[in-house]
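Same chain, two partners: subunit A is paired with subunit B first, then with subunit C.
== the complex of A and B ==
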């Protein structure tokens, strides 16, 4: 495939939708890992739980009109995942660093094992399940409409997620969470209820991941446990680490950059460099991306943006100041 | 994984039989060599990884260390997939070799003995092929022994060149005329020879007359008498289990003695208590940590061989789940305690098998979930593990 083959609507809309979902996942993980300083390696577990909860709801309770079912499935997915966040967060309160990581990793694996073995009349174990398209049926004529509607919905929720996380972080609760990250013992001494905030962060992070899962299932009507493997979880973690643990804009940038890189390699968009290089790169992506993680940790563990947002960069400030002065200057003249 | 694959290649490709040792020794030697090479490979890899990936971030905190370790593990496993392909390779648990001279009439083999040779396809890929020369369970007759003594491995050492220089590659017709000119008239022999590509081999039974014919073209064919047969008699399940238990006992004993009584062991314990003070006391912390990784990976390599023997196959991701369960076993037993690790491992293995055995058939896929369930339970109930010490937190 050459570079210009991608400039068609189907392709772009599909990948933009997935980018949106991954941004939601990475942001919710950033809340747990980056802003609160905890270390969860099982975020794909919450994603899977939300997706399967929404799927089960749609498959077994399908007695309401389409759009209403859609909204309800989102609520179901997010709530069930949030409950699991409570279930995972509570026991893991007194676990530090690596123990928490392995415990959450274990949780992710348990979820995956359970879903791979789950056999009911509509869910076929490792083959996953298929739900009816709720909002727009999947036919050849409606494909453009479907893509547009789902793109709009997904990105609405992405912006919602960004707003939620930003507002949490900027509030007093956010300051408590940041204190929790910087020094837990000192935070306790100052009177912050670390238990409450740890659980809160887990529940909100898991809930947002579940929401992303429900959207994912609705968009991609047939899913299977292969979509929720540990490798996907590590990729989401890599998005967070590359972008900066503690930076919303960094995470968004990292998702866009890494996801595009991965897809371009897989589709051999660099074939113009030479066919062999294209094929080689596609095969070796699985080897390259953990290498990226290692090199990142060795050279720049704070990622692209560290703990700062893009709005804090001097360049950004100069640009906005310039725009603002251009607005006020004409008024001043009058 | 690295160790298991190293031993896989060692068992498959190292010709222990060339040493011509008396009967039981070659297989024992092959096994010892497998263990040794596996452990050495793992340990070297671990020391390299420690030097280049872990040492630079030693100061950076546990999260960086864990992320880097995760990256290294994925990198190595995916790299293994690229090199070895993701398919599961059958593990050649025992390769025994018996000399032709030692073959007795009436001998019964409990598995098919074979002769191994390599074929080469037109694209140039080389395969090792086994040709079975006797039947399992049936007593060896004198005729079979005689035919074995007349079996040779014939190698095509040069492409047949007809005419002079500018035709380096010959066609089958040219080869056929070349051979018949040299006096090989036997149709069967001719067809067998023509089937050989350059440097490939086949196993032929050659009567004395055919042997004489073939020796006329001995410039182009290398004729080797078969001097022995391989047979992979499966090591009995019982002896495998005994081996595992013996290895467990030996390694626990060795490790405990090492950590308790040797200077390096004491240095290791000192470094685990307090790195800075150890440095002040003159302990070379870098070397101690490298030694720790060496020993750990050494044991892991040995374990890889045993795993391959026990489960019969090796593949690049074989170590992922056992590695996680090893961590769970260590946590269960108490991090920092060697007898704790042994107890944790035994309990975890036992529990997993019990759950698998006594659960209804539809639920057998859940056995891995048991390990993680135990992890979460132990972390809630007694985070320091069974034999672990309470670690105070310095504020």
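== the complex of A and C ==
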């Protein structure tokens, strides 16, 4: 694949959709790992539960018109994953740090292995399942419209996720979550029900990951347990850590930059530097990509943004001040 | 200023005790064992409205353990604790705080990465009524409540001369201001009883003198009952109306500062410790 193939519509829409879904996953994990200070390694599990719950619902309850089924499948995916979040959160609350990480890692793997062995008339174990396209049929004529509709939908949900997490963090509930992260004992002793908030964070994080799963399966129309390997969970965690634990804008940047870097290496997009280099990069991507990560972690251990948001950067402030002064300047003259 | 302050900070505060002589806190035969170690033995305490009582004793006497028992950090092995006549046994810490006890810590425990403002705001949390959905949707109820919390917080910070620091990350404050912020945060929970664990630790003499004034002043301003652990004898003798002396978990003396000072058991406990230290 050459560099200019990026401009191919199918290619762009596919990867923009995946970037959107990974932003949702990384942001919801950041709520758990970054803002509340717990450590979950099982986010791919909640993602898989959301995808499978939505898939099963569509496969076995497909009696309603497509758009309605689509919306209901999102609700089902999010709520079932949220319930799993409650189920994992409650017993795991007694655990902290490394132990919590191991327990959630176990959860993610159990989920995948159960799905790998799930055999029904419509779900075929390791081969997964295929659902009918709900909103727009997948034919040669409609493929462009379908991609555009899904891109719009996925990115609407990305913006919703950003708003939900931002509004939670910047509220009394958010302060309770941040206080819990900084000092659990002190949080409890200023009247914060720390147990309740730990469970709540798990449920919200899992629910949003489930929503991402439901969107993912509707967009792809087929999936299998291989889509939810532990490595995917680790990549989501990487986005969070490298973006900045507790930074929404940092997470978004990390997903965009790292996802693009990974795909560019894999798909020989560096072919424009010479065909050999492109091929070499593709063959060595699993070495080059981790090297990039190591260098990033060494040079900026707090992640791209640390705990800050892009709006808190001096450059951003100057820019907005400049824009504002330009807007108000003509009025001042009058 | 005073009226505005009273209206806002104390506005929705149900008056739990208001007349002198009314009992705020009572413990009976309170005991705590850690394995074979008797950290606290038969501790009896009655705190009356607006009293300022000191809890002293050599290191390891069980003072902080008593604070932890009172705030539900761990359950007592034996005995009872009642606040305004209601038993606190089996209650979780956050419930006890909501019933009107607040505390500070020997080794300051601020929310280090949060701003000064958010540290205090976090302590208003349990009174906030806007649900998670209200917060996500930013409904009017939420916005009004946030504005109210902001106002109350700013007022509290201005009382402690911390208003100019409100945007700073709390771990970057100088030590004395961190202590003050911790007290401000404790007051934000609108307590009737305030437990201060070595508030003067690490302060220089002038800061200590200022702190003594401040403690007396907040007691009157917020109508507080205060129980105070302190090693600095000048502070304890200077502001406490009553002193309780612990040694090896036992109450060895209690009374006014002058009574306690003359008590031979107290002198022995302290001199004994000094003698041991000298030998080391």
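In this section, the second predicted complex is superposed on the first by the 318 of 334 C-alpha atoms of A that agree within 3 Å, B and C clash if a C-alpha of one lies under 4 Å from a C-alpha of the other, contacts with A are read in each partner's own complex, and residues count from 1 in each chain.
Here, contacts are C-beta pairs under 8 Å (C-beta built on N, C-alpha and C of every residue); 3 or more make two chains touch, one makes a residue touch a chain.
Given the structure is predicted, the values throughout are model-derived calculations rather than measurements.
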- Quick one: classify A:92 as touching subunit B (first), subunit C (second), both or neither. first
- Query: Thinking of the overlay built on chain A, is A:79 touched by subunit B (first), by subunit C (second), by both, or by neither?
  - Reply: neither
- Message: Contacts for A:234 in the overlay, against subunit B (first) and subunit C (second): which applies, first, second, both or neither?
- Response: first
- Query: Can A:39 be said to touch subunit B (first), subunit C (second), both, or neither?
  - Reply: first
- Which partner does A:106 reach: the first (subunit B), the second (subunit C), both, or neither? first
- Item | Broader residue contact with subunit A after superposition on the shared chain, subunit B or subunit C | B
- Query: First (subunit B), second (subunit C), both or neither: which does A:185 touch?
  - Reply: both
- Task: Give one of first, second, both or neither to describe whether A:142 is in contact with subunit B, with subunit C, with both, or with none.
- Result: neither
- A:114 contacts which: subunit B (first), subunit C (second), both, neither? first
- Message: Quick check on the superposed pair: does A:297 touch subunit B, subunit C, both, or neither? Answer first, second, both or neither.
- Response: first
- Could you list which residues of subunit A make contact with subunit B in one structure and with subunit C in the other? 185
- Note on the structure: As the complex stands, subunit C meets subunit A at residues 71, 73, 92-94, 97-98, 102-103, 105, 109-114, 118, 121-126, 128, 130, 132, 135-138, 142, 145-146, 149, 185-186, 188-189
- Query: Which residues of subunit A touch subunit B in their complex?
  - Reply: 39, 41, 91-92, 94-99, 101-103, 105-107, 109-110, 113-114, 116-117, 119, 185, 231, 234, 237, 241, 283-284, 286-287, 290-291, 293-294, 297-298, 301
- Query: If you look only at subunit B, which of its residues touch subunit A in the complex?
  - Reply: 53, 56-57, 60-68, 70-75, 78-79, 81-82, 324, 327-328, 331, 362-363, 365-366, 368-369, 371-373, 375-376, 379-380, 383, 393, 395
- Note on the structure: Listed in rising order, the residues of subunit A that touch subunit C in the complex are 163-164, 167-168, 171-176, 178-179, 181-183, 185-194, 200, 307
